[in-house]
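By letter and in written order, the chains are A, B and C; residue numbering begins at 1 in each of them.
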Amino acid sequence: MIQYLIQKEFLQIRRNSFIIKLIIAFPIMVMCVMPWVMNQEVKDIRVSVVDNDRSTVSQRLVHSIGQNSHFVFCGQHPSYYAALKEIEKSRTDIVLVIPQGYSRDITLGRKPQVLIAANAVNGTKGGIGSSYLSQIVTANLAPDASTPLHSNISTHYLYNKHLNYKVFTIPALLAIVMMMMCGFLPALNIVSEKEAGTIEQINVTPVSKWSFILAKLIPYWIIALFIVTVCLVLAWAIYGITCQGSLWLVYLLTMLLALFFSSFGLIISNYSNTLQQAIFVMWFFVVCLILLSGLFTPTRSMPEWSYATTYINPMHYFIDAVRTVFIRGGGFSSVARQVSALIGFSVVMGVWAVVSYKKNT
Amino acid sequence: MMNAIEVHNISKSYGKVTALDDVSFSVGRGEVFGLIGPDGAGKSSMFRILCTLLEPERGTATVDGYDTVRQMKEIRRRVGYMPGRFSLYQDLTVLENLEFFATLFGTTVAAGYDSIKAIYSQIERFHDRKAGALSGGMKQKLALSCALVHSPSVLFLDEPTTGVDPVSRKELWDMLETLKERGITIVAATPYLDEVRRCERVAFLDHGHLRGIDTPDTILDRFADIFNPPGIEHGKTTGAADENVIEVQHLVKAFGDFRAVDDISFSVKRGEIFGFLGANGAGKTTAMHILTGLNQPSGGTGTVMGYDIRTQYEQIKKRIGYMSQKFSLYEDLTVAENIRLYAGIYGMKGKEIARRTDELLQRLQFSEHKHDLVSSLPLGWKQKLAFSVSIFHEPGIVFLDEPTGGVDPATRRQFWELIYDAAARGITVFVTTHYMDEAEYCDRISIMVDGKISALGTPGELKRRFRQPDMDHVFTHLARQATRNSD
Amino acid sequence: MKHFISFIQKESRHILRDRRTMLILFGMPVVLMLIFGFAITNDVKNVRTVVVTSQADHLTRQAIDRLAVSEYFDITATVGTSQEAERLIRSQRADMAIVFGKDFASKKSGLQFIVDASDPNMAQQWTTYATQTIVNPQLSTVNSKMLYNPQMKSAYNFVPAIMGVLLMLICAMMTSISIVREKEKGTMEVLLVSPVRPLTIIIAKTVPYLVLALVILVSILLMARYVLDVPLSGSVVWIIAVSILYILLALSLGLLISNISNSQHMALLLSAMVLLMPAVMLSGMLFPIESMPPVLQWLSAVIPPRYYIEAMRKLMIMGVGIGEVVREVIILFIMTALLLAVSLARFKTRLE
C-alpha cells in the first residue's frame, strides 16, 4: 500500500506551486549567490598612515603598502590621534605609525618601533590585517639583507593551490541546502496534516506507522538526490570546482544526511501543535548543529567541552567526510568512521520518527 | 419608519464565479429575517457586504440608514456579526474569550450577561478551561455568547448553530426573540427548517439569485422540492442478523476527574443503522474515537467486528470506515486521487480501484468532476464523496460523525439515500447527528446524556416510552435532564 | 483605551501560553551567545602537525620543541617522508606538515610547510603562526595594538549581529504570523466589524512584541556584559534608543508581510526566505560585505540589519558617540518611515 502513500505525497508537493518553485529555485539561488557571499577572505583592508619620519625610506614603506593587493591606502594623517578619529568614524581599519627617526635607525642598524593599531571589533579581520601589515614592515626593514631562514621557507598548499575560498564553501553549501530542504519541509508536513484534520482520517485506517513515515521520507530522499545533482553540476559549471574523490561517496553521504534531517523534521512535526512551534524548534536545533559542526569555524580550536559536542553532531561527521572526499579526494577508508556514525544517527532518528508518531492514544 | 436594512440591486462576483446577481430586499426594524439557500448561494457574501467587509460591484446597501461603502465606521459601531467560520482564540479560556469580545464591543460580561444567559450558563462552569479543549458544539455556543454579549442595533448571524444540539438551538432562538423585543434587528442564515420557521420573513437565495421573499411557510411550500423533500422509504433491512458487530460493556473514558464517557454498555447488530445521539459534550465523539481505535478507554471492555478495542485496534481499523466531524479528504488532491489513495491504503489492487472508481462516480453522477480538486467542490458534494470513500473498501461498519452538518435538506436527503444503499449492501452504519428528522431514519438509536446512555431503542419504542410525538421532543425531554454541559 | 489594554492582554496571553515558542525565544539568545562567546573561535589552536625529518640535529630539535610547547600546534607524528605526511593529511589525521630539510642545521636548505588548504584562511594563518614560532621573531620591530578588542574575541563581533538577527526574527516573523493567524481563523472579520479602529488593532497587536523584543534585548546586553565580558563602551541610552528604532522597523516589516500573505505557511516562508536569509547572509554578520562582488554589495545596502549591526558595533564595542552613527540612524529612520507608511496604507479594512 506504500506506493499509494508515496504517490499522494508527490501529488501534494506537485500541487503546491510554492514548494515546487522553492525546491528548484533554492539550490540554484544558493549555488549562484552564496559562494560569493560566504567569503571569509580578508581583503581591501583600509590603512591610514601617520608618518612622523617623513623620509624617503618611510615613504617607500607607505608606497609598498599601497601596492599590496590586500590593502587600500587611505591617506596620511598628521597625528595618531587624528588617525584614531578616522577609525572611530569607520573610514579606516588599520593605522600604521612610523616613528620619528625611522630612517636614521635603519641606517644605524637599530630597530625602529613601528606601531600598528588595528580595529579588532572583527577579530579575524584585525588579526589577519595586522599580521599582513607587519610582514610588509619587516620586509621593508631590510630589503637587501633578507634573513637566510626566511627566504628558505616555502609553503606547499595541498588540495587548494590558489587558496580559493569557494572550494571550502561549496561542501558547506551542500550541507546547508540539504538541511533547509530536507529538514524544514518535513517539519511542516505532519503539523499541516494535523491542522487540516486529515491525520485523523489516516489514523483510523490500517496503514502501518512504518509505511506512513517511510512514505513521507522517500519523497525527500528523491528531492535530496535532485538537489545534490543540481549543486554539483552548478559547482562545476559556474566555478569549475569538481569533486576530487568518488562521486558515489558524496551521494552516499548526502543521502545519509538527508535521511537524518528528514527524520528529524518529522520528529519535530510529530511533537508540535502549530506551524510556528515546528519552525522555531527546528530553527533552534539547526542553528546549533551548524555552528558547532565546523562548517565555518575549525572544530580543533574549540575548547574541550564544546569539542565534545561534535561527537553527537551528525553535521560535523558529514562536513568532515564530504570535505575529505570532495576537496582532498579521500577514499572510502578515510571516511568510514563518519559514514558509520551517520548511518547510526539516521537509523536512530528514523526509528524515533516512527515511534513518536501516535496512531492510538 | 425607516427600514433597518435596504439592499438595492447588489451584485458581486469573484473572478468568473457570480456570488450575488442583482439582489434587492429590505428588512424592517426589529424584524427576524432569515437568509436561506444551499451551499454557495451567496449568503456569506451578502453578510460580508452588509457588514462593510466587502464592497459590492454594483448596487447599494444601507444598514441602520448608513451606506455600507461610504459610512463604514458608523455601521461598524452599530452591528454585531458572527461569521460562518468563526473560531475562538483556542489558547484563551472561556471567560477570557468572552471578556475580550465584551471589551471589544465596548461593554462588560456583567452588563451583557442577560443577553447571553440562556446559552452561556451552560458552559459557565468551564469558564477557566481553554477554548481549544471544548467539544465542537460547546465552541459554537461560546462563539455565540461572544457574538451576542453586546446589544447592537442589527445582528448578523451566518449559520450560527452548525453542530449545535437541538435543545441548545431552541434556547438560542428563544433568546433571539427576547433580543427582538428590545428592538434589535436580526438577520440569520440557517440550514435547519425549524429555525427557518421561527423567522418572520425569509429570503431564498440560489446561486446568487433571489428566488423569493415571503413568510417561512410560503417559501418552504413553494420550494418544497428543495426544503421539504419527501421522506425516504426505508425498506426494513432484511439482513439485520442476530450477530453483534459492536459490543461494549461498562466503557469509561476519563480525562483527569472528568468522565467524558461514563460506564456505557450497548451492542449493535450487523446491517443495522444505529443512531448515536446526544447533546454537545455528552461524550459522543469520545466514544466513537474509542470504538475506531483512535483512543484507549480508561475502563470497560468492548469488541468491534469481534476484535478487542484495547489491544486489537489495528485489526479493527482494517474492517471499518470512518468519516470524521472535520472534513478530511485531501483538499489538494483530485476526486479520483483521493479515492485511489484510500482504496490503496486498504490494500485494493490498482485495476480494481480504477474500475470501481468509475462505477462509483457514475452512480453519483459525478464522472465529469473526476479530475477536479476536492477543494473546488461544494460542501454537500465533499461530504457525499467523503462518505463514499469511507465505504469504498466495503468495511463491515462505517462510523459517521455528524456527516451532514451545515447542509441543506435536499442534499441531506441524497446523503441518506447513500446511507441506505450502504446498509442494503450489509454495511453496519453507526452515525451521530443533530438533525432529529435523520434520527427517525435510523433502525435503532441511543441518546447519551452526561456521558451515560439514557435511552436506547427503535425510534417508535422511544416515542411510546416517553410519550412524545416525535424524536425532537424525545430528545428535548431527555437532554433537559442533563446536569453537566461539557465534554 | 480600554480596548487597547484588553487587546494587549489578549495578545500577551497568546505569547505566554505557547511555552515551547517562549522557551525557544529566550533559549535562542542564551545559546547563541554561549556558542559564539565560548564554543567556537577562529583562533589558531591545536593544529595537528606532522614533523618530517630524517635526522634529529640540535637545531631541528629546538624548532620542534618550540612548536610542541606553543599552544598553537600539537605534534601528532614524526615521519620520514613527505609522502607519508600527505597521506596523514588526506585521511584527516593531520592538518599540516613541516618538512625540515636534510641540512636544516647548516641553513643551506630551509624548511617547507605542507598545508591542508581546504580552509584557505586557516591555512594561511597556520603558516604565519608556524613561521613566527620557528623563526623566533627577534626581528620583529612591529608593535601591534588591537584596538577595542585586545584579545581578539569573536564575541565582540557577534553580539551586535545576534541582536540584529534575533530582534528581526521576533518582531517581524512573530507579528506577521500572529496577524495572519487571525485572518486564517476568521477572527479578523469580527475584529474589523467591531467598533474598534483598525489602527488601534494594529498598534495593540505590535505592543506585546515590542515589549518582548525589549526584554530580549536587555537580557542579551546583560549577558554580553556579565557573562561574555563584552564591554558596553558606549552610552546605554543610545544603544537602547537605536535598538527601539530598529525594533519599530522590524515591526513594520512584519505588518507588511502580514498584509501580503494569506496563510501562516506563506508568512512563515516569506519571513524565513525574505528576511532571515538575507539578514544572516548579506548584513555583514558573518561575512564581510567588502569581500562581496559589487552586485551583492548594492543588494546589502537595502538590508536593514546591516545598518543596525554597524551602528551597534560602533556604539557598543568601539564606544563612539552617537555623532559617529548618524548616517546609520538616518537610514534606519527613513526605512522605518517608508515601511510603516506602506504597510499602514496597504492594511485592508475590508476583505478582498
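One rule holds for everything that comes next: a contact is a pair of C-beta atoms (placed from the backbone, for glycine too) under 8 Å apart; a residue touches a chain by one contact, two chains touch by 3 or more.
Nothing here was measured: the structure is a model prediction, and the numbers come from that model.
Trainee: Everything stays put except that subunit A is ignored; which chain groups still touch one another?
Mentor: Connectivity without subunit A: one piece.
Trainee: Two chains share more C-beta contact pairs than any other pair here; which two are they?
Mentor: A-C
Trainee: I'd like to verify one number: the distance from the centre of subunit B to the centre of subunit C, where each centre is the average of its C-alpha atoms, in whole angstrom.
Mentor: About 52 Å, centre to centre.
Trainee: I'd like the Å distance between the centres of subunit A and subunit B, where a centre is the mean of that chain's Cα atoms.
Mentor: About 54 Å, centre to centre.
Trainee: Quick one: subunit A and subunit C, Cα centre-to-centre, how many Å?
Mentor: 13
Trainee: Any chance you could list the residues of subunit C touching two or more other chains?
Mentor: Only 18 qualify.
Trainee: For subunit A, which residues are in contact with subunit C within the complex?
Mentor: Checking each residue of subunit A against subunit C gives 18, 22, 33-34, 36-44, 84, 87-90, 111-128, 130-131, 133-135, 137-138, 141-142, 147-161, 163-165, 167-168, 184, 188, 192, 272, 274-277, 279-281, 283-284, 287-288, 291-292, 296-298, 300-303, 305-306, 309, 320, 323-324, 327-330, 333-334.
Trainee: Quick one: which bits of subunit B touch subunit A in the complex? Just the residue numbers, please.
Mentor: 292-296, 313-314, 317-318, 320, 322, 324, 326-333, 337, 340-347, 373, 399
Trainee: State the interface residues of subunit C toward subunit B in the complex, per the touch definition above.
Mentor: 2-3, 6-7, 9-10, 13-14, 17-18, 185-187, 189-196, 349-351
Trainee: Using the touch definition from the top, list the residues of subunit C that touch subunit A in their complex.
Mentor: 18, 20-21, 24-25, 27-28, 31-32, 35-36, 38-48, 86, 89-92, 95, 101, 107, 109-125, 127-128, 131, 135, 139-150, 152-154, 156-157, 174, 177, 264-266, 268-269, 272-273, 281-282, 286-288, 290-293, 296, 310, 313-314, 317-318, 320, 324
Trainee: Applying the document's contact rule, which stretches of subunit B touch subunit C when the two form their complex?
Mentor: Touching subunit C from subunit B are residues 48, 51-55, 72, 76-77, 79-83, 85-89, 91-92, 96, 99-101, 103-106, 147.
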